[in-house]
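The letters A, B, C and D name the chains in turn, as written, and every chain counts its residues from 1.
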Amino acid sequence: MILEARDVRKSYGAFVALDGVTLAIGEDEFVSIIGPNGAGKSTLINVLTGALELSAGSVRFRDRDIAGIGPVALARLGMARSFQLVQIFPELTVLETLQAAVVSRLGLSAKLFSSLRSDPRVQADAMEVAALFGLADRARTPTRALPQGDKKLLDVASAFTLRPQIILLDEPTSGVSTADKHAVMEILVRAARQIGLRSIVQVEHDMDIVFGYSDRIIALHQGRVLADGAPAAIQADARVVETVIGRRAAPC
Amino acid sequence: MGGVFHAAILFLVAAGLQLVFGVQKIFNLACGSFYALGAYTGVAAVGYFIGRGGSPALFIVPLVLGGLAVGLVGFVVERGLLRFVYDRDETFQLLLTFALVLMLEDLIRMTWGAAPTSTGGLYLGYGQAHVLGTVVPVYNLIVIAASLTIALAMGWLLTRTAFGRIVRAAADNREMAEALGVDLRRVYARVFTLGTMLGTLGGALVIPATAAMSEMGIELIVEAFAVVVIGGLGSMRGAFVGALVVGVLRSLAIAVYPELEMLLIYLIVIAVLLWRPRGFFGAAAA
Amino acid sequence: MRAPFTVLAAVGAALLVLPQFAAPYYVTLMLPFMAYAVVLLGFNLLFGYTGLVSFGHALFIGVGAYTGAVLTTRFGVRQMEVVLLAAGAAAAVVAAPVGALCVRYVKIYFGMLTLAFGMVFYTFLLKFYRLTGGDEGMRMLRPSLLGQEWAGFSKTAYLIGPYYYFSLAVLVLATGIMWRIVGSPFGLCLKTIRDNPVKAESLGLSVPRHRWYAFMVSAVYAGVGGALLATPTGNVDPTLAYWTQSGNVVFMVLLGGFSSFFGPILGAFAFIFLQDAVMSVFPYWRLVFGAVLAALVIAAPGGLMGLIGSIARRSPFEAARS
Amino acid sequence: MTTTRREFLKTAAGAAAIGAVGAPARARAQAKPGVPADPVKIGILAIRAGIAAPVGTAGLRGTEWWVERVNKAGGILGRQVQLVVEEESTPKDTIERYRKLILQDKVDVVIGGISTGVTLALGPVAEEMEVPWLSWDGTTQKGVEETMPNPRWSFRSVDNEVEAIVAGQLTPKYFKGVKTVAGIGNDYSYGHDCWETYQAVLRRYNPDVKFVLELFPKLGVTDFTSHIAAIQQAKPDLLMCSFWSGDATIIMKQAAAVGLFKTMKGVFTTAGGVHDSLKKEFTPEGLLLGYNTMYFDDPKGGPLLRQFVREYKAKYNEYPAYECDHAYFNIESYKAAVEKAYAASGKWPSKAEVVRALEGIEVESLSGKRSWRQDHVQMCNFFQGITTHKNAYDFVTINPIEVVSTKTAMKPAGAKLMEWINSWKI
């Protein structure tokens, strides 16, 4: 198991967001986390990405306790994430955004006096990822000028550039038009395979996406794991259908 | 007691600063300049009043009216300058108020000259009182009482009136307030004018006990800044407590170890910023 | 791409021959310009590239200037090269703890904290009389340049000759180094932090650490610039570190344009020469400067560089090419 | 009203045509033989903003009054005088302005400089630039000893400490039985130097005197209630105060508000700088008040002083303070030196010749005779006295008036201040 949460409790004052969540993500898995609004998905993502201290329980990544270690240390350990609300660097170009991720991965970020332009590794690596995500022809475009779908792709692409062992995607297709959702997911999965990234965890509302790509699905409800199993099993679970999938027509 | 008088004036200026910051998120460096403007106007108004044969005992009337009237400058500044930069980065807003500091300093000098001016000894006419074993001019007590009254009035205005609710809504969440039909432009214009008036009134009220000098604004900004940092940016209660802390500590320092007078305040500011960057009441905006 | 290089080469050539043609006074006025240009290059690494506005940068100008004064008067160190290195080092030593504390905050809080530290230093200079000379400040003795005393030169000849070229060399060097820094992996990381600190952290870039480095670099530049500034004046005093001076630094950067690499240098130039012209003809020059600043903020936040850029873009020549 | 540079340039252009600044053409005098016909340019540095702005304004007004009179009377050796006024601000900026006056405007002499920080920085620059510089004010002990040991080109004002020395000498005369003394001054060199000197002088007269409190509020503070409370706590017999600007007025008012001088004596060494703001309503009689080097109401004053005070009052509705006379003396001494050198050589003197002629020269100034000592230090009289309400003004004046010469109240050339004070025979 690469990422494990055991009996995680997280409460804010009297409000209990997570109430004893236990789950594990293995290598070579594509896991989706689903649940209605308020089920604790966002809190869970924050717990799994080391952004929060826990009220109880533990969360371990490659056998290291990562509770509250923060994003920087987490990226070093080999876990990357993307955000529900697209996060980009508006003034930087696509290429620069990806270069920044390469710089971070290669530990060059404190090199004050070396030239970025003449570092072949950084250039090649960034261009490779741009190509993977179909952004190569827009490499010199300022990010703020990209269409929404490309911004979303770039957000994910820059996380991929870190070449993490696992990536947590917070609603990778939110804000993308229904028509483009599958295209985005195709690019994503293909890129993951080529980069050698094996474990993907996503939080997603779109059940077509969830059932179309997942190896395993974890359903959350009221801060607890309602069900955890293969897509077929989940689809057959009456409680899950009632609380989560029932409204599958309505995208959020 | 000297510290309390100083605190009363500081509160008025800091309250103006807080109100504007709380609602418009602009840190108004020109609050000190408005204070100086109020001071000079106060002197001019009293001079005019006495020159026209007004009773010296009533000098406080033109003083207050003058101080409030010149506060309308705030409306001009808000409509003429600030409204263009609300959607800009706060750095630009800060710099715009710095531009105001530069302009107002020279405008005051052009209008009133460089020499210090004052209302003479008028305020001595109110006599002295004995408070806690020390002699205090009655005028100082009047100012302290006025400042307290204004503090209560501000509290009432912000918590008990329709205008106050709108102001607090605008302070908490601009988009939400706008969605609820609040006309932010009007709120901003009013809030900034009110904030300016608090500063100019502070300047007018202090002037009988001192003299108007062209640098008084620049000097005061740093102190007002200390007040709001200690109290917490944007908080009225913060302005009140911060003013008391600065006023009283300064007077304590003078009594105990005069060398520390100004340094002490900066050190407290840094300590507060590091230990509790939101100050003592920072969470409660407006 | 070619036009900027042509402009740069022309400006460089003009700077080289300026002392031969310009009136001596205007050559002396180039000295504070070049000193401030060095300060602003560093300041803009913090402002334009990292997104942090320091309202206490005069602190480091003061540290640099006083380092120069202390070295030349108390320790008999007269080599300007040593003075500059020491000024940079002193600024870094002060900036290390101050920066570590300040970079934990952003925006208005960062500005206020730097302002408070600046005022502490100002008060220190004023209060600790025996150490700093209080309001009278300290002398900055004429330093040697490249081991040369230039003893045969009058002060004016020294300033508009050797010292001018020395300052120019320092400015060129500082510009080159800064160019290198903003084009380095580090420079790129600063821009990511400016644009979106949350995303930067998720990419494994430590926001406080990089901000701290940027703070240190900008302080070193301010220190070097401060020392450079002290020689023409020949005296350093606390007003160098007063908060309004920090305000002027921000003003200059904005005047030139913070989103352009050369903007701050242009800003320093425009500020110094505008101040000179206005001060001589109008006693209320602060009013003029305030109005200029207000106009800039409202109508031209890109500063002079922004204006030049938009004019260049609008010109028919450019339009035809694109 | 201040004269802007532009106004002067404008009038200068006019002067080329009509030959006079602010005067009708009939007043034009022919330049003497060997004297250039173009106006002589005099650079002025005046503080315009901040705490010392009133002092700078007074200096500028005194200078302008002189220029108007002299130009009407034909100028210097028939050359009209043209002022080029620049602002004195921070040391760095003022030095740039100073260089501009000399390098760009090519003035023959620079006059002005008030703040101690600025004058200290200017001293060495003046020596380097080799143009005579006469300072209005602002020279401290440190300045003389460290930065202008042997001035060639700079001429500086009276020692900053003279007013404290005079006050120290007069204190035992007017206030008997003073055993404890408190002091308040601005937190910068002037305030500290005055207090130290005053203490040293007082100790010479009364070795047992105790100094119970010293307060140094920052320059520009406008609220002294806490300081006054601290002074009341210390219960001294006498308070010495060296404020010279608006803060003198303010502390006087705030002291009156709590009746401070009902329980102690008061010495204000320099408050005469803002004398007409010391209204009777809050300034008690019986204080020792220093007017520095000019007393506008001097009954022994000459016709020049009377005319100046009258015209000053008519023009500005104020009564002039000492800086007017520092400025008047400076520019008048320059004229006298030029004329003296011309008398010897028959041509307009070089800058070095002007400097030689200035050394030791004595001229009639507003407050009486003033001179430059051989070591380039100004010599004049100081006026101090006991405040009285018996006058026609709404502010206090002094009676009796003590006139003390710098010959007795300023350390002689080359002496160290404290050693000199300690060498007095009392």
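The rule we apply is simple: a contact is a pair of C-beta atoms (placed from the backbone, for glycine too) under 8 Å apart; a residue touches a chain by one contact, two chains touch by 3 or more.
Just so you know, these numbers come straight off a predicted model, no measurement behind them.
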{"item": "Innermost chain, taking as reference the mean of every protein Cα atom displayed", "value": "C"}
{"item": "Chain whose mean Cα position lies farthest from chain D", "value": "A"}
{"item": "Euclidean distance of C-alpha centroids - chain A vs chain D, Å", "value": "75"}
{"item": "Centroid distance [mean C-alpha coordinates] between chain C and chain A, Å", "value": "43"}
{"item": "Length of the line joining the C-alpha centres of chain A and chain B, rounded to whole Å", "value": "50"}
{"item": "Averaged-CA centre spacing for the pair chain D and chain C, given as whole angstrom", "value": "37"}
{"item": "For chain A, residues contacting two or more additional chains", "value": "none"}
{"item": "Per-residue multi-chain contacts in chain D, two or more chains", "value": "48-49, 218"}
{"item": "Overlap residues in chain C, where contacts from two or more other chains coincide", "value": "127, 285-286"}
{"item": "Touch relationships between chains, expressed as pairs", "value": "A-C, B-C, B-D, C-D"}
{"item": "Touching residues (chain side chain A, partner chain C) in the complex", "value": "70-72, 74-76, 80-83, 87-92, 96-97, 99-101, 103-105, 108-117, 119, 122, 155, 158-159, 162"}
{"item": "Residue ranges of chain D touching chain B (in the complex, touch as defined)", "value": "48-51, 53-54, 56-57, 214-218, 220-223, 225-230, 232-233, 245-246, 249-250, 253-254, 256-259, 274, 277, 279, 281-282, 318, 394"}
{"item": "Chain D partner contacts - residues on chain B that touch it in the complex", "value": "1-3, 5-6, 9, 105-106, 109, 113-116, 118, 120-124, 128, 134-137, 139-140, 206, 209-216, 219, 250-251, 254-255, 258-259, 261-262"}
{"item": "Touching residues on chain C, where the partner in the complex is chain D", "value": "23-26, 28-29, 32, 126-127, 129, 133-137, 139, 154-156, 229, 232-235, 237, 239-240, 275-276, 279-283, 285-286"}
{"item": "Residues of chain C touching chain A in the complex", "value": "177, 180-181, 183-189, 191-192, 194-196, 198-207, 209-210, 213, 217"}
